[in-house]
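What follows is a single structure, written as structure tokens, with notes after it.
Labels run A, B, C and D following the written order; every chain starts at residue 1.
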Amino acid sequence: MNTTALLVLDVLLVFSLLSLAAAALATRDARRSVILFMAFGLVLAVAWARLLAPDVALAEAAIGAGLSGALLLAAVREQPRRALSGDTKPIHSRNDAGLKVTLQWTVTLFCVALAAILAWALTQAFDSASKDALAQAVSANLAASGVSNPVTAVLLNFRAYDTLLELAVLLTAVLGIFALGPARSGYRSAGPVFDGLTRWLVPVLILAAGYLLWVGAHAPGGAFQAGATLAAAGVVLRLAGQRTIGLPQGHTLHIVIAAGVAMFLVVGLSLLVLGRPFLGYPPALAGGLILLIECAAMLAIAATLVLAFLGGRPQPPSVNPAGAKPGALSISMLRSRSREFPSDTDSHNAESCRGFNEEKNRC
Amino acid sequence: MIDAMASLLIVSGLGFYLAGSIGLLRLPDLYSRLHALTKADNLGLGLLTAGLALHAQDLLIALKLVLIWLAVLAASAASAHLIAQHARRQETPS
Amino acid sequence: MSELLSVSALALMLSLFLGLLRVVRGPGAGDRMLATQLIGTAGVGLLLVLSVSLKQTALIDVALILALLAAVAAAAFTGQQRGTGDD
Amino acid sequence: MLTAHWLYGMAGCLIVALGLRTALLHAALLQRLIGINVMGAGVFLVLIAVAYRGPGLAPDPVPHALVLTGIVVAVSATALALALARRLAAERDHG
């Protein structure tokens, strides 16, 4: 591709990003804002691809363009008018209005100043000579990392502490979500077209997740992208009104959520016992250990993101299928073809009363 | 020869893409815009992937391209239907 | 071929850009979602072209995931929640 | 300094400012959350621009790994914030 064409592409991409961000933030309509944000995520994925960051583009395509949009849309849908619109208090006097304008200008000026400082710092960073030291260190040690994709090597080997703590952050977030209340009420059973979509999309998503996990060792991909793709399968099942969405129940669920952190700690501590530094893999075993950790991390990330979409503690269904194994996440997704019937008013009421708000309202 | 065919396919795919997006902008209401969009999805991307697949050295890559086209084909048909259904529901509250 | 790829990338970017105008303009949520689908398809095409012109085979995988997740987004837009009197 | 550095880096700075302004000023919780997410995207844009080395050259993988982590943390933080907002609304309605 010649330089001029690339330049035109860059200008158009940047302009699209800026105008979408501005449009998403300018509107007062929550749903419009969310849809514009989803479009922003789509364009951002293309921008990452253009900047030769395919790993990031994969994550953005799965999360930015898909999952976080689904998450925000579910929030908009649940509280159509009231809660999320916050405290828009009417302005009582002219004095208040004046104060508000002053505040707005102050904040705007602050933000502009911040952007200017950031831009200045950025030009310094671009000019600094030592910027390649880290990249060179990564490529020098890549052969000993057990994988050939440098981003996976950084995430799971060179900076494995970061990823361990990141999984701990995810665990904390999901525990917070659990503590805040039960899950949102479920979805109505979808029509035949939606069902047809579910029937092929869910297996393909699961397959794609497995593929991304596997290629992550030598090509863009890995546990994060795979986990997000797997979570998308659960989200689609939930949206289609399926009763089971592949999440295990009870203690098994707790094990799956903690699997990423737990596997990291098990591997790290075992290495410590064997006389190596914490998470300092022996080069011969590094590839296998990384894959092991990534499998657990993928399941934990997928479960976390599905629970994030549910928005709370999942309610146990009336019959608790015993004996689901922690690894059975994707398998039980495939098995779950049980449908709920919208005409069944009893189950309809029972389901809606599970929602946190409805619990106090109607039951 | 193959080069020329690939170029022809790609160029006609681009034509459908542009026609689809101009239709999306110019047509008066959601249902007719839906009609414009599906052309871009199905034929535009179909021709584009066919052209690129002819050019791919690797058979695996060519297969992946076809897979992507099939996925978009099935997904866009379903999502166009769902969006239309959603719009209908909003017009006539049940 | 290189010129053709450059032209294709720009044409697809233009297509994406036109879809963007519709996303911003609306008027209905359905129109915006429709335009988001077009942006997704144009994005898939653009990723495929970039995968050849930037010699990044992995971008084909990105295109696949983008295509699949665009369907998930459409599903998320149209799913009807129970007990909320959803539209 | 490459043109792409300049373009994407500066766009990132602007997007950070836009997102922060909304996060601070907007009344609605949901739009504030979107503001924070947009701000995060701006930061990611800056990082990926810094990692870029030009066409045909391998970019720096460390910022890529950081951004990857950031995307996943951002979505889980958003989910937690939405759960908090939901609880807040429920308390306000019935409390």
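Please note the rule applied: a contact is a pair of C-beta atoms (placed from the backbone, for glycine too) under 8 Å apart; a residue touches a chain by one contact, two chains touch by 3 or more.
Every value quoted in this text rests on a predicted model; they were computed, and no experiment measured them.
S.K.: On a CA-centroid basis, which chain has its centre farthest from chain A's?
M.R.: Centre of mass proxy via C-alpha means gives B as farthest from chain A.
S.K.: So using the touch definition from the top, which pair is joined by more C-beta contacts, A-B or A-C?
M.R.: Ranking A-B and A-C by C-beta contacts puts A-C first.
S.K.: Between chain A and chain C, what's the gap in Å when you average each chain's C-alpha atoms?
M.R.: 19
S.K.: Taking each chain's centre as the mean of its CA atoms, how far is chain A from chain B in angstrom?
M.R.: 27
S.K.: Would you kindly tell me how far, in whole Å, the mean C-alpha position of chain D lies from that of chain B?
M.R.: The computed centroid separation for chain B versus chain D comes out at 30 Å.
S.K.: Give the residues of chain D touching no fewer than two other chains, as numbers and ranges.
M.R.: 55
S.K.: Residue numbers in chain A touching 2 or more other chains?
M.R.: 1, 6, 52, 67, 78, 184, 194, 197, 201, 204
S.K.: Residue numbers in chain B touching 2 or more other chains?
M.R.: 71, 75, 78-79, 82, 85 - these are the residues of chain B that touch more than one other chain.
S.K.: Where on chain B does chain A make contact in their complex?
M.R.: Those in contact with chain A are residues 71, 74-75, 78-79, 81-82, 85.
S.K.: Touching chain C in the complex: which residues of chain B?
M.R.: Its residues touching chain C are 3, 7, 10-11, 13-14, 17-18, 20-22, 24-25, 30, 33-34, 37, 40-41, 44-45, 48-49, 52, 55, 61, 64-65, 67-68, 71-72, 75-76, 78-80, 82-87, 89-90, 93.
S.K.: Please output the residues of chain A touching chain D within their complex, sorted ascending.
M.R.: Per the touch definition, chain A meets chain D at residues 1, 6-7, 10-11, 14, 17-18, 21-22, 24-25, 28, 30, 33-34, 37, 40-41, 44, 47-48, 51-53, 55-56, 59-60, 63-64, 67-68, 71-72, 75-76, 78-79, 82-88, 103-104, 107-108, 111-112, 114-116, 118-119, 122-123, 125-127, 131-132, 134-135, 138-139, 150-151, 153-155, 159, 162-163, 166, 169-170, 173-174, 176-177, 180-181, 184, 222, 224, 227-228, 301, 304-305, 308-309, 311-312, 356-357, 360.
S.K.: Give every residue of chain A touching chain B within the complex, in rising order.
M.R.: Per the touch definition, chain A meets chain B at residues 191, 193-194, 196-197, 200-201, 204.
S.K.: In the complex of these two chains, what residues of chain C are touching chain B?
M.R.: 1, 4, 7-8, 11-12, 14-16, 18-19, 21-22, 28, 30-31, 33-35, 37-38, 41-42, 44-45, 48-49, 52, 57, 60-61, 63-64, 67-68, 70-71, 74-75, 77-78, 87
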